[in-house]
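After this come two complexes, each holding chain A, first together with chain B and then together with chain C.
Take a look at the complex of A and B:
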């Protein structure tokens, strides 16, 4: 049994005729110790899918229309508040894009980490444990740093604090929602390195959300590419990077500039991500797709396993 | 890390203090309040007489001020003019003013039986009434000090009660939103839509008419807090509405924190800088509320002294013209309210990061 098994998740914002379907039939699994990357442009439903794992999307305005989110075999969508609170942090922890906004500015960082300990491992809510966690995430001089306020730290340090908070409750799954987007490139690399190291040491699973394909090769075991609320390609990371199958994935890869290649212009994908509620008929990518056929606007393609472990939502992937 | 570098930028708290100290009016207000609260705590010791001590031979006595005769302070003896309702000092008949004299019995801090007073003559025929006496010959100055124990503490306790209640309701209202928000906010508006004086008096009438001063004290606090929480709740609710969208609230939810914990640990502390200023500026409202009720003789009862019921004696315009010192408690109210406003304004400006 995989640690996380999302089946045909459907989520809408609003009700009735004006309902906008932000997540439409997303399914994926994460095994214990596995790292899955969720890749896609802004607004394609990555973050909402990830927040759904602990049912953190506020309802209303959101509404779960269908599907299951099985975490350790229990459906998150059917849990009561009490059970939800015990899995939040207890089984799945989150780190977010902007560490400075995720830390409460009026409390010392040591106390914020202790807060996480109090909720899930109250017997360990001590300075020693906080210092151990800070050492684990590579904060120098942790004994004095626990008395710092968030504004006294750099962005990279703050993200390390966030990671320490997330790890304090000893989760099985760490969901990192664009953890490096707000950081410098050098700090990005350090944080990714830290995540990879922690994953090996603590044997946790990671769900990493990013719009940066460059990160994928560094850390992911498998990759799910999302477009307009659907997964369009799901594949082992190495295979996907070597030979992307879906035209959207190919276009994404082409838009990443390569070292050593002279380029005048970046290869952008023509057009924009369609707005929620204005998805084109048939395949949602067809207006922007270089390989579109005449029937792409008629028939909505299914996600099909075309090779062992490789799923593609495009009949013309060859 | 342990030794701060000499040129380290100032912390927000240091900046706040620096800005507050630069405001003279605020500092003056703060010092005045400190003195008022100190004398209020030590009222029994600073006051030369007990609030109940009366002298039937010396009612409506004008203020008696000590004079400096080159060596020491002396207090003259005053005598009633024969056949007239007037007092005049007897020339040459003086007694020295002493410090730490024995006098009326009182309880220091409401606990320690004590007889020592800060100043006095120690002799019954040489009284010292700095602000004169009232219609029963009681020392107005002493009664103002005893009254300050009630008037000043009502402000602080009332604010604490109503702001705690207001912050919790505002936090709950803003964090949950929806129906809970609607209910709490409509209750607030209901309370705020009734003119507060009528509401105070109407609520007063829900209590029995003749109640002891202790009961009246608790009743006044309850009434004023019941009215006062609404405005606080509305503002805190607005702040909570914006704070709940902050990422650290999402992070706390993702950590498994309960709504109660999120409201009390993450949302309300961020409203403190506003709340402290608002509280300082609202204390006068509670002091004046007690004054109104006691002035209308439905609050603190005689012989207990409060600034409000002392002013009742100054209702009569005839008395006011002949014995203007009866207005002394009014001056005390004026100074206190002004000091709170100056301090509150200064706190607000100092807490405003833009200045």
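Take a look at the complex of A and C:
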């Protein structure tokens, strides 16, 4: 049994005729110790899918229309508040894009970490444990840092604090929602390095959300590419990077500069991501797709396993 | 911290100097004066008036008068009220205390009602409670204090439950200390409620929108993601941040309270600073006008200063610059 098994998740914002479907039939699994990267442009539904794992999307305005989110075999969508609180932090922890916005500005960082300890490992809610966690995430002189306020730290430090806070409860799954987007490039590399190291040391599963394909090769075991609320390609990371199958993944790869492949111009994907509620008929990517055929606008393709472990939502992938 | 407080207090001096100078200038530009009007009284000889004018330096140009005033104020003497014929210092002290009582209790009532209501409305956004609160708030914001004060007087007159105006009963001097206390409290009720009502609406709306903002903040999602119970998320993480902007507003609301007190004091015959200022102005008791304006300014500055200190204490991102 995989640690996380999302089956046909459907989520809408609003109700009735105005309802906008942000997540439409998303399914993926994460095994214990596995790292899955969820890749896609802004607004494709990747953050909402990830927040759904601990049911953190506010309802209303959102509404779960269908599907299951099995965490350790239990459906998160059917849990009561008590059970939800115990899995939040207890089984799945989050780190977010803006560390400066995700730490509460009026509390000392040590206390914010201790709060997590009190909830999930009360016997360890001590300064010593907080200092151990700060050392684990590579904060220099942790003894003097626990009484700092978030604004006294740099962005990279703040993100390390967020990671320490997420690890404090010893979760089985760490969801990192664009954890490096707000940081500059050298700090990005340090944080990724830290995540990779922690993953090995703590044998933790990671769901990493990113719009940066460059990160994928560094850390991911498998990759799910999302477009307009659907997964369009799901594949082992190495295979996907070497030979992307879906036209959208291929277009994404062509828009990233690569060492060794000297290009005069990077290729932008024509057009824009369709807005919620204005998805084209048939295949949602067909208006921007270089390989579109005449029937792409009529028939909505299914996600099909075309090679062992490789799933593609495009009948013309060859 | 100590240096900060000292510096802020020193900053009060130029502000007070400026305000007093300006008030002095404006008063001197208006025609006539209290003693000038005595000249029209056939029972008072012109020589007596001249003597009085000379005694209070009112025959000198305004800037000379100002210097005399300043010299006296420096040693704690606020001059002499020609209208009341007593020391302005005593007069002002008594009136300042009354205005302070009125504003203080109005603030306490307004904040203790408005903050919980605002929180309640935000947590139950769009519910019946929230809508009822909005309705009350808009009513409170749109009914002028004048009307509210008049309604309160009508209420007092119709029911007889509260005294109609004034700060103490006519037999006050004969009462025991306990009776005096209850008598004053009884007189305070209506003016405080009228003044608090107009304050309340604004603070409540502000509290509601601040809390709604912080409830959308990412650290609130992060707090939920830790597994904190919803009550902790709202009352610890969100509320602690939503309170900070209100502390800044506290300073402003003090200004509003003082100007509101002017109106309420006049209609409800509350012997406070506002009423004194207006009486002094209409009697052309210029020294007293300057004194009361300076006092009101001082009250305002101190209030803002207290608000700043509270904010610095509450929000670690605010550093008191020395």
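Here, the second predicted complex is superposed on the first by the 312 of 318 C-alpha atoms of A that agree within 3 Å, B and C clash if a C-alpha of one lies under 4 Å from a C-alpha of the other, contacts with A are read in each partner's own complex, and residues count from 1 in each chain.
Quick note on the criterion: a contact is a pair of C-beta atoms (placed from the backbone, for glycine too) under 8 Å apart; a residue touches a chain by one contact, two chains touch by 3 or more.
Computed from a predicted model, the values in this text were never measured in an experiment.
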(request) Report clash or fit for the pair chain B and chain C bound to chain A in the combined superposed model. (result) clash
(request) Once the structures are superposed on A, label A:169 by its partner contacts, choosing first (chain B), second (chain C), both or neither. (result) both
(message) After the superposition on A, what does A:316 contact: first (chain B), second (chain C), both or neither?
(response) neither
(request) Examine A:124 and indicate which partner it touches, taking first as chain B and second as chain C; both and neither are also allowed. (result) neither
(message) Contacts for A:144 in the overlay, against chain B (first) and chain C (second): which applies, first, second, both or neither?
(response) first
(message) In the superposed model, only one of 19-27, 37-45, 73-81 or 91-99 in chain B has C-alpha atoms clashing with chain C. Which one?
(response) 19-27
(request) Take the contacts of chain A with chain B and those with chain C, and give the residues found in both. (result) 54, 56, 85-90, 93-94, 96, 98, 101-107, 115-116, 119-120, 162, 165, 169
(request) State the interface residues of chain C toward chain A in the complex, per the touch definition above. (result) 217-219, 221-230, 237, 240-241, 244, 314-317
(request) Enumerate the contact residues on chain B facing chain A in the complex. (result) 1-2, 246-248, 250-258, 265-266, 269-270, 272
(request) Name, in rising order, each residue of chain A that touches chain C in their complex. (result) 51, 54, 56, 81, 85-90, 93-94, 96, 98, 101-107, 115-116, 119-120, 149, 151, 162, 165, 169
(message) For the complex, give me every residue of chain A touching chain B.
(response) 54, 56, 84-90, 93-94, 96, 98, 101-107, 115-116, 119-120, 141, 144-145, 162, 165, 169
